[in-house]
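Structure provided below as structure tokens; questions to follow.
Chains here go by letter, A, B, C, D, E and F, matching the order in which they are written, and residues are numbered from 1 within each.
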Amino acid sequence: MDASTLQTFTSPVVLFFVLGLLAAFARSDLAIPEALAKGMSLYLMAAIGLKGGVAVSKSGIDSTVLIALTLGIAASFLIPFFAHAVLKGFGKLDRINAGAVAAHYGSVSVVTFVTAVEILEAQGKPPGGYMVAVMAAMETPAILTGLLLARGMGSKDGQKPSELLHEVFFNASVVLLLGAFAIGMISGTEGFGDVAPFFEAGFKGVLCLFLLDMGLIAARRMMDARAITWRLIVIAIGLPLINGAIGTTAAALSGLDVGSAAALGVLCASASYIAVPAAMRLALPEADPGIYLTMSLSITFPFNILINIGLVSALASTLVGALSGAGGTQ
Amino acid sequence: MDASTLQTFTSPVVLFFVLGLLAAFARSDLAIPEALAKGMSLYLMAAIGLKGGVAVSKSGIDSTVLIALTLGIAASFLIPFFAHAVLKGFGKLDRINAGAVAAHYGSVSVVTFVTAVEILEAQGKPPGGYMVAVMAAMETPAILTGLLLARGMGSKDGQKPSELLHEVFFNASVVLLLGAFAIGMISGTEGFGDVAPFFEAGFKGVLCLFLLDMGLIAARRMMDARAITWRLIVIAIGLPLINGAIGTTAAALSGLDVGSAAALGVLCASASYIAVPAAMRLALPEADPGIYLTMSLSITFPFNILINIGLVSALASTLVGALSGAGGTQ
Amino acid sequence: MDASTLQTFTSPVVLFFVLGLLAAFARSDLAIPEALAKGMSLYLMAAIGLKGGVAVSKSGIDSTVLIALTLGIAASFLIPFFAHAVLKGFGKLDRINAGAVAAHYGSVSVVTFVTAVEILEAQGKPPGGYMVAVMAAMETPAILTGLLLARGMGSKDGQKPSELLHEVFFNASVVLLLGAFAIGMISGTEGFGDVAPFFEAGFKGVLCLFLLDMGLIAARRMMDARAITWRLIVIAIGLPLINGAIGTTAAALSGLDVGSAAALGVLCASASYIAVPAAMRLALPEADPGIYLTMSLSITFPFNILINIGLVSALASTLVGALSGAGGTQ
Amino acid sequence: MIETVVRKRIEILTDVALVGRVTDAIDRAEITGWTVTPVNSGKGRDGPWREERVMGTDKVFVLTVASQERANALAEELAPILTSHSLLLTMWDVEVIRGERF
Amino acid sequence: MIETVVRKRIEILTDVALVGRVTDAIDRAEITGWTVTPVNSGKGRDGPWREERVMGTDKVFVLTVASQERANALAEELAPILTSHSLLLTMWDVEVIRGERF
Amino acid sequence: MIETVVRKRIEILTDVALVGRVTDAIDRAEITGWTVTPVNSGKGRDGPWREERVMGTDKVFVLTVASQERANALAEELAPILTSHSLLLTMWDVEVIRGERF
């Protein structure tokens, strides 16, 4: 743990999350109205999409972008296989629940990513703007793998696959992230200037209040949890550690810069708690939300925010430093 | 189409509207919580009212203001007569529905106006601050004309006229627009300075998200529309073209500056989809919302945002240029 | 009334409150969606807490802070005794209702405080940052005194005291105010810099819209009021006058600076309409909300915003001036 | 055992713009009170609609508990606008405690 | 044909501050669950009110489905606070599917 | 006196993600319409939950008024997903005005 990790704990963004956790554990009635939470989540996605698009409109699209996209999509497809095996074996879940949880860990958490970007920028390692597109691309492949693992190729339930595919590709966060990304690319720095006061200046403050809410929700769900065993807790901490390390390493070896490598690690480490739960209610109603939401939202999410982002960031610095050092002596 | 019209399509404000349209057509589940949409609409009205009032506190009230007010109120009273004739004749609507639709086209759309102001300012033709008061004054006269046309002088329904008049003059948007306008006039530039970061810096960003929502709503209503014929579609595009041209011309001839003439044109061209529908549900319940909302919200509104504001602005420049050229050679 | 009092009535913040009152009296349907009002209230508390904490992180905690805390807590405990006597005697309320109302007057109104801070800062007399902590500390002692006065030591109703104490100490506004205060202290000026655009630049604008809503609610409740006598109206104006004067004087005598003395006076003068009503519904369901909400929200609140803050501020200036003058000649 | 009495519960789905008309009718029928609850969306003869409060076209439920006699009075009061304004009215018997209040 | 059984549906209008009391009573009556739905506004003996969540004075409906026997137990449980806290309770018979759960 | 007819009122508590399934079933049962109302929170076999719309896991009520016959058709339609998706369905008789519409 270096100074920058410590710095995390004096950042208002992280401190508001801790406040939410504490308030919920103390059974305070503090609560953010849902319409507002939904609105903040839309705002954060629009803002991060715009910012990414503007950045790419400046830097252009090169091979690095394609490499990052490929790595991200591959991770989203493959992580569920690994996760499913662990969840069935060590976690002792049945096939259906293991598949549902695995889909969550293959997909990503937008807020974890956004928080990581803030922390990385504060540490002087900003990720590339294209990482927003990578995130959007990673949201959904995992859903398909997870369903496959849970159910095999057939579907007994009358859920039409086309319906599910539509739900998966046009779900609100994918559309908003990619739409805002495209708007950012089209309007560029100049067009963005007009709306920057709203989407840029307000960003961190909104993130504070949103994380306050996430802290409240995560802790409340934790306290109500029934179906969670110690084995599942171990997995909900182990998976982000392993996925984060593998993702960062792969990205560093593929030549991404420190910030982008760390961001890809965080995306691999994070677990969805918005898009995937909704898809699972539709496609795998037999799976228990008490398991997948509690693991992704109440254990993995806080673990990533409070600890793992710092670890992934440190690992990325070490690896990219070593590689470029190696490269420098060639 | 000059460069400035093209510029419209790289403005984030317009692009977010297009994103909303596309997302809804793709049947994405993207949606802005209603409380938030309502809040953004209040914010936009408060902000535009304040800004207008502050501008007038600087410029003072002169004969131009009175001319613009007179033109606006006259337009709101008279447009429904013309619209009613077209809707009954070419549009083949019955008297009641024609009256209801006519009322919408005589009244105004706040968001169309706000978007026009943004575009005109970007083109270096800012309208006078008093145009906000003109807009507020234009909201309601059309309701009275529309009812008269629909129903003659009597009312069979037990709706008390006093109740309707009250609803019309103290409806939320009139009160907020004029109230904020008055506050702007009273507190002036200095008082406004304190609240400017909120009402000014955030303005365009909020407008982006609001137009995203409007795009979603307009396109969804369009897809559900049943009672709309091709004749009504033609009218919903023809009326804003004609009303916009007449309004702009009258304003230019009356000596308004380019920006204000264009703004009056846009007000004439726009159709209400907030105050008037509510009044119609009360006073003309037999009229079909499927007709008047679809026309004003799903056809005229997008047409104005995407195309007609640009046309009206170009017309205003041409006319005012020609007139001042003529004036210059006198 | 000096220039600065007049200035109050050209401040957008106060003018929006007046607009809300007028709109409601005119029976306009203007309304702020509740989720938004709740959100603005959370925003204001987070922002004022943060700002206070940052200020204290700079100034440090000294004996003045302890004096102010002691004065505040004592006032919250003691004011209800005085208020209860007046309400039973002059106001002719029964014991239960007198106790419920007394609890409101011992506690504080966050928005009154926030408005006072804005006005005091505009007058060049900013209160100390620690006054936010004083406010949080004053929210709840009055609830205990009020219940004691209403009910004696016993409780016939099965309301567990522990439940009430928990509700009182972990209620949302106490947790958020103190939590944000702590975050401000921990992250200090530097950490606050990141989120300042959101929490500082937007503050006055949000306060405008929030006071617009408060004006609407206060006036509507006033018009629906049934149980309010002229005696209660006199008390709802007399209590803030007296409590404000006593609080300011005690603070000035104890050596607080002008701004902080005025702020303590305003806290004593203000009456709760959020935390205490909720506690009373739980603990004193027989008490009539029509009495305590109308007095605190519809009479005392507007009186404080429009008139009493100015009076308290003037008193504080006079007293502290006289005392320091006296001190200066020593 | 607690004593209950039978009353009518009436629920009326109405446009927000018309709530005042409905509650005026309830007042005229001398019913003691009413409660309004929100509605998100629906489908009727005109196809589906979503809550569009910005446009003032959304709906709510107004519900009221009344004696049989007053419930009938209310239905009579509302009859003229039921069809013209396409309100949806359902009513059924419920048991209430403290029945003297309704 | 699907088999249905008859159960009581109970709806209680209560201040938000008192929801915990009501659901505690439901739990004590050993009913399997409950559902809370929002309320906008209303009118009662004290005149009209609007939802004023900022002030913590708004109301919600708590509804629960239970056997006749447990419904009675719940009504008994709630009796003491029904009047003092002016709750509105209505109950009626409904058909449910999967009745063994209630 | 106004004429009323008896119809079934059916209320189904469902996850937001499943509303489309339920309303499709209503359409297939040829019922004229439906109305969706919001839900705040609840408790069932899996313990308590709060409305968590950000997470897409909240619930709503879908309610519909239909003839006995169509109500049965709807219940049959929904039977397969009632248990698997843990929907709560209650139905009861109500009087409606303008009964020819349902």
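Here, a contact is a pair of C-beta atoms (placed from the backbone, for glycine too) under 8 Å apart; a residue touches a chain by one contact, two chains touch by 3 or more.
Only a predicted model underlies this, so the values are computations on that prediction, with no experimental measurement involved.
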{"item": "Fewest touching-chain hops separating chain B from chain F", "value": "2"}
{"item": "Other chains in touch with both chain A and chain F", "value": "none"}
{"item": "Chain at maximum distance from chain B, centres defined as averaged CA atoms", "value": "E"}
{"item": "Centroid-based (C-alpha) most distant chain relative to chain D", "value": "A"}
{"item": "Geometric centre distance via CA averages, chain B-chain A, whole Å", "value": "41"}
{"item": "Centre distance in Å when chain B and chain E are each reduced to the mean of their C-alpha atoms", "value": "46"}
{"item": "Per-residue overlap in chain A, given as positions that touch at least 2 other chains", "value": "33-36, 38, 197, 201-202"}
{"item": "In chain F, residues with contacts to at least two other chains", "value": "37-38, 53, 92"}
{"item": "Which pairs of chains touch, using the document's own definition", "value": "A-B, A-C, A-F, B-C, B-D, C-E, D-E, D-F, E-F"}
{"item": "Partner chain A, residues of chain C touching it in the complex", "value": "33-36, 38-39, 42-43, 46, 50, 166-167, 170-172, 175-176, 179-180, 182-183, 186-188, 191-192, 194-195, 197-199, 201-202"}
{"item": "Chain B residues touching chain A - in the complex, by the definition given at the top", "value": "10-13, 15-16, 19, 22-23, 26-36, 122, 197, 201-206, 208-209, 212"}
{"item": "Touching residues on chain B, where the partner in the complex is chain D", "value": "34-35, 37-38, 41, 157-158, 213, 217, 220, 224, 226-227, 273-275, 277-279, 281-282, 285-286, 288-290, 293, 297"}
{"item": "Residues of chain F that touch chain E when the two form their complex", "value": "13, 37-45, 59, 61, 72, 75-76, 79, 82-83, 88-92"}
{"item": "Residues of chain D touching chain E in the complex", "value": "1-2, 4, 7, 9, 23, 32-38, 60, 65, 92-98, 101"}
